[in-house]
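Just below sit the structures, each encoded as structure tokens.
Presented sequentially are two complexes of chain A, the first with chain B as partner and the second with chain C.
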Partner chain A sequence: MSKLLELRDLKTHYFTREGVVKAVDRVSLDMEKGENLGIAGESGCGKSTLGLSILRLVRTPGRIVGGEILFNGEDIVQKSDEEMRRIRGARISIIFQDPTSSLNPVYTIGDQIGESISLHQYRGGGGVFDWLLGRFKRSRAREVDEKVEDILREIGISDASKRRRNYPHEFSGGMRQRAMIAMALSCRPDLLIADEPTTNLDVTIEAQILDLMKELQKEFDTSVILISHNLGIISELCEKIVIMYAGNIMEFSDIKTLFESPKHPYTEALLNAIPRLGSRGKRLVAIPGEVPNQINPPHGCKFHPRCKDRIDGICNRRSPPTIEIEPGIKVSCYKYISKYELSDMGLYNEQKRIVD
Partner chain B sequence: MELTKETGVKQTTILERLFSSLSGLGKLKRNKASLVSVGILLVFIILALFPNIIVPYHPETMFMVRQSPSSKHWFGTDTLGRDVFSNVIWGVRTTFYIGTACVLIELVIGFLMGGLAGYFGGWIDDLLMRITDIILALPTLIVLILAVSMFKVRSINIIILVMGLIGWPYMARVIRSQFLSIKTTPYVDAARAMGAKTQRIMFRHIMPNIILPIVVLITIHFAGYVLWEASLTFLGLGDPNSMSWGVMIMSGKNVLRTCPWISTYPGLFLFFLLIALQLLGDGLRDIFDIRV
Partner chain C sequence: MIWGYIMNKNELLIELKDIEKYFPIRGGIISKTVESVHAVDGLNFKIMKGETFGLVGESGCGKTTTGRLIIGLEKPTKGTIMFKDRDLNKISGGELRELRRNMGAIFQDPHLSLDPRMRIRYVIREPLDIQGSANRSEKDEYVLKIMEKVKLQPSYVNRFPYELSGGEKQRVAMARALINNPDFLLADEPVSGVDVSIRSQILNLIKDLINEMRLTCLFISHDLSVIEYMSDRIGVMYVGKLVELAPVETLYDNPQHPYTEALLSAIPVPGERSKTRIILKGVIPSPINPPSGCRFHTRCPYTFSKCSKDEPKLFEVENDHFVACHLRTKS
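What follows is the complex of A and B.
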């Protein structure tokens, strides 16, 4: 299998008045073609920024300050704005959290889906004049309309020819999110980034949306990056998962292994904080402490002040390297680094007493 | 709406979309004052469109000078013997021409300055907004008088141009603030994520969403320009050949005691037009909850 997406030491920082927020700090990960990847973490851990970085949509004061994003082997960070514009929507799409505000209130659903089609499938599509021209060219307009209706039918909206002319406020939340998915997938992109696509929807709709995404993803052969704080949703759709904390990747694993034997202490703590069926009477364990201040994060491993397995004198000195402890499972934690390697790194000897 | 032959599907037109985005206008009905002002404005618009049908005489026709109002000359005749009623009615058109042209100039400059500043931010924003501040800091009427008196020719079009070039800063500010708030909405992000170009985002995704506050400002500024023109004319800087109310008021000022009708009737029309525009602006502002 070839790599669809590779991130190499990606750094996206926000330059605020108070200081630099390292929202994504030296993140590296691989994604194979046809594979779905989940990105999980608490709010503010940088998972949304990571998603936006892949499309180069991070807004000022944020900026990608270093690293590479290889998409099909080409570095996205080096692309010109015009090349980037052609990638967006056509080869990489994104769905945002809130479908209500992600649809322009003054245009009909059909117009908006049609726009995403005509932006990439017809030459020139861009300015107002092209758009007006497109409107007056009846044959093309009808062609787009038919495609829009096909798409609406595909996402399970009945009476497509009528609903096409509805405005976003006339759609329910679930239907709006489906329309967003339809827009995102209308050009059959290679990669779909779904940023908390079900957060604002109720549980039954959530299941429908996930089913729809699964179905369309298979049909269009699109890989999905699902960003969510909900591990349950990620396990529904994805095979691989990344756990993020304060801008760093803590653990990269496949879903099954992650749930059966979490490697990183943070993952472990995270799983203990989720209620599960069949574990009656067991108390949920909250993670002590708070998410660190992103402007002055703790030295060393950013999780160490809250970690139950921390080794004083090591974890608070240098951020841990990422090591592959089993094939396909990578962890950033000193727990899995032997004494000998630690001493090679110059960490062990000085702290001998404590470690022993 | 029209039906396409093949599918029988109705196509929405651009106009319909505009109307649906302005559907809040229905709430105007609840506001009595603005309802009345809409009525007055409609009358004015009809007068501006068809003055030749309504007036009894050609405005240049001479009669006996300074006749007081009678059944033959409803508003009397002026110092040159022209029928005041006919002139006042023809003046509606001039007034609308002045207001519309100035507002158009204001809109173009306002969109360029405010739109670019709001959308791009950074040093562009700083530069354009400082220019705007400089224009705002000028004493408007004095600059107007200076600028207009620099020209040898007294032409209504020069006056319009000068007024438009001085009047845009508020429009630019409002458009900038609207761009600032709309550009961060998720649907603009979504448009960018779909691969839309900058100009497309500005014109197609942001502009239709900021029409309402601009409409409010237009009604208020329209009145402002008409008043400015009348003031300039009264100060002797108007275009004596134009049929504007300012010129008429000016021409009757020396005989105000003996023949008050020459200045009073155009003055009354000016007053009603301004008050109707202001009330409509207030009503719209209440409906859309906009602070200008």
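What follows is the complex of A and C.
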């Protein structure tokens, strides 16, 4: 399988008045073609910033300060703005949590879905003029409208020819999110980034949207990066999962292994802390402490103040390297580093014992 | 919860009889009522002393309105609410304030429910000031005592809400709700606004305090796994009505209403890809113009002719297990 996306030491920082927030800090990961990847973590862990970085949509005071984003082997970080515009929507698209604020209230749903089709599929020389010309040619306009109707039918909106002329406020929350998905997939991109796509929706509507995403993803052969704090949703759609904490990747694993035998202490703690069905009578094991301040994060491993397996003198000194402990399973934790390697790093101290 | 079994669990604390709450929608020049939102429509249930009653449902089903009605923040359009054998509609002024001492409430968004210009000390103390019987040093003592109970450091008394994290704010809200030593706690989506890793801390704290302070609790949430973790008995609401009412074990092991069934199967379970999910078609109907008959009939996979005509009543299918569905009443 070929690599669709590779991140190498990606760093996205926000330069705020209070200090530098390292929202994404030295993140590396691989994604194969045809694979769905889930990015999980708590609010403020950098998962959304990671998604935005891939599309180069991070706004000031945020900036990508280092690293590479290889999309089909090409580095996105080095692309010009014009080249990026051609990638966005056509080859990588994104859907956000709140469809109400990402749809334009003064254009009809059909216009908005049609825009990305006419922009990316019919663009001639690349100028705005060409686009306008294309838009006003009757035959082309009709062709776009037909495509829009096809898409609306595909996402399960009946009466497509009428619904195309509706404005966003005439759609329900679930339907708006459907329209967003339609828009994002209208150009059959290679990669779809879905940032908390169902968080504002009710459970029964969430199930509909997930089902739709699964179906369309298969049909269009699009790979999905699903960003969510809800591990259940991720397991529903993805094969691989990344657990993030305070800007770092803690664990990269496949879904099955992650839930059967979590490797990183944070993953383990997180799984024990989530109430799930069937939890009555049992007691949740809470993670002590608070999510760290991002401007002044703890030294060393950012999870160490809350970690039950921390090794004093090691975990609080330097951030742990990422190691592949089993094929396809990567962890950033000193727990999995032998004392020999630690002493090579100058971290091992005879008084402190380490369990291999 | 546990203390409820030790004490007499059949003692009634709250009873709702045929509660209806309509919110008017006004329009026109003289702003007369053109339509109304049927937020709660014919609700009947009891909360026994010592139990944690869970109320679950999707957005707009009226669960929050129900909570607000019980603590007297809203007056019902019709029906009576009895709290400790007193009719909440018929009392007012001093009497109501006296009764309110027995109630505490925490809400979803701790950022909004704390006054940003008040130091934590005064935020927590305010209910004492209103109920007013203690002197100043006693009040300060109470504040510190309750802060210890909710596991807040005493040094926080002079801070402002913005200096606290979401989880800490929710603890302050708990302290404020419990400082008068109430019998009843309303917890309306208390963990929806806090981080995943903090959520279990807050849930465990609420559970412990319910036991320690012998509270009766109405726990409102849209999250079925949280409701399962917290409650003894659960009511499932759909567009202003109760569709199922049962003890926690019965509801989760043997759901009888098609809506409950669909809700339970719709929850994605971490670690597995479900195969047999019931995916409901359509959208949640608007409470302005709710469907005729059974309100769920527009989305129900088993709907038949009777469903759109007659409204099903809550019917006891087995001991303590009530369902409002024509499928179950027939047999």
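List of remarks:
FYI, the second predicted complex is superposed on the first by the 332 of 356 C-alpha atoms of A that agree within 3 Å, B and C clash if a C-alpha of one lies under 4 Å from a C-alpha of the other, contacts with A are read in each partner's own complex, and residues count from 1 in each chain.
Throughout what follows, contacts are C-beta pairs under 8 Å (C-beta built on N, C-alpha and C of every residue); 3 or more make two chains touch, one makes a residue touch a chain.
As the structure is a prediction and not an experimental result, all values here were calculated from the model.
Three-chain overlay on chain A, with chain B and chain C fitting side by side and no clash. By the touch criterion defined above, A:119 lies against chain B but remains apart from chain C after alignment on the C-alpha atoms of chain A.
When the two complexes are overlaid on their common chain A, residue A:275 makes contact with chain C while staying clear of chain B. Of the two partner chains placed around the shared chain by superposition, chain B is the only one that A:104 touches, whereas chain C remains out of contact. Touch criterion not met for A:308: it reaches neither chain B nor chain C. In the superposition on chain A, contact is made by A:89 with chain B only, not with chain C. In the superposition on chain A, A:145 makes contact with chain B only, not with chain C.
When the two structures are aligned on the shared chain, A:210 is found in touch with chain C, with no touch to chain B.
In the superposed three-chain arrangement, the CA centre of chain A forms the vertex of an angle with the CA centres of chain B and chain C, and that angle is 80 degrees when rounded to a multiple of 10. Between chain B and chain C, the shortest distance over C-alpha atoms in the superposed arrangement works out to 7 Å. Residues common to the contacts of chain A with chain B and with chain C across the two structures: none.
Every residue of chain B that touches chain A in the complex is listed here, in rising order: 4, 6-7, 9-12, 14, 17, 20-21, 121-122, 184-187, 189-197, 199-200, 203-205, 208-209.
Residue ranges on chain C touching chain A, taken from their complex, read 58-59, 165, 167-168, 195-201, 203-204, 222-226, 228-229, 248-249, 252, 262-264, 266-274, 277, 279-281, 283-284, 299.
Those residues of chain A that touch chain C in the shared complex are 42-44, 172, 174-175, 202-208, 210-211, 229-236, 255-256, 258-260, 269-271, 273-280, 283-288, 290-291. Those residues of chain A whose C-beta lies close enough to touch chain B in the complex are 55, 57, 59-60, 85-90, 93-94, 96-98, 101-108, 115-116, 119-120, 126-128, 131, 135, 138, 141-142, 145, 161, 165, 167, 180, 183.
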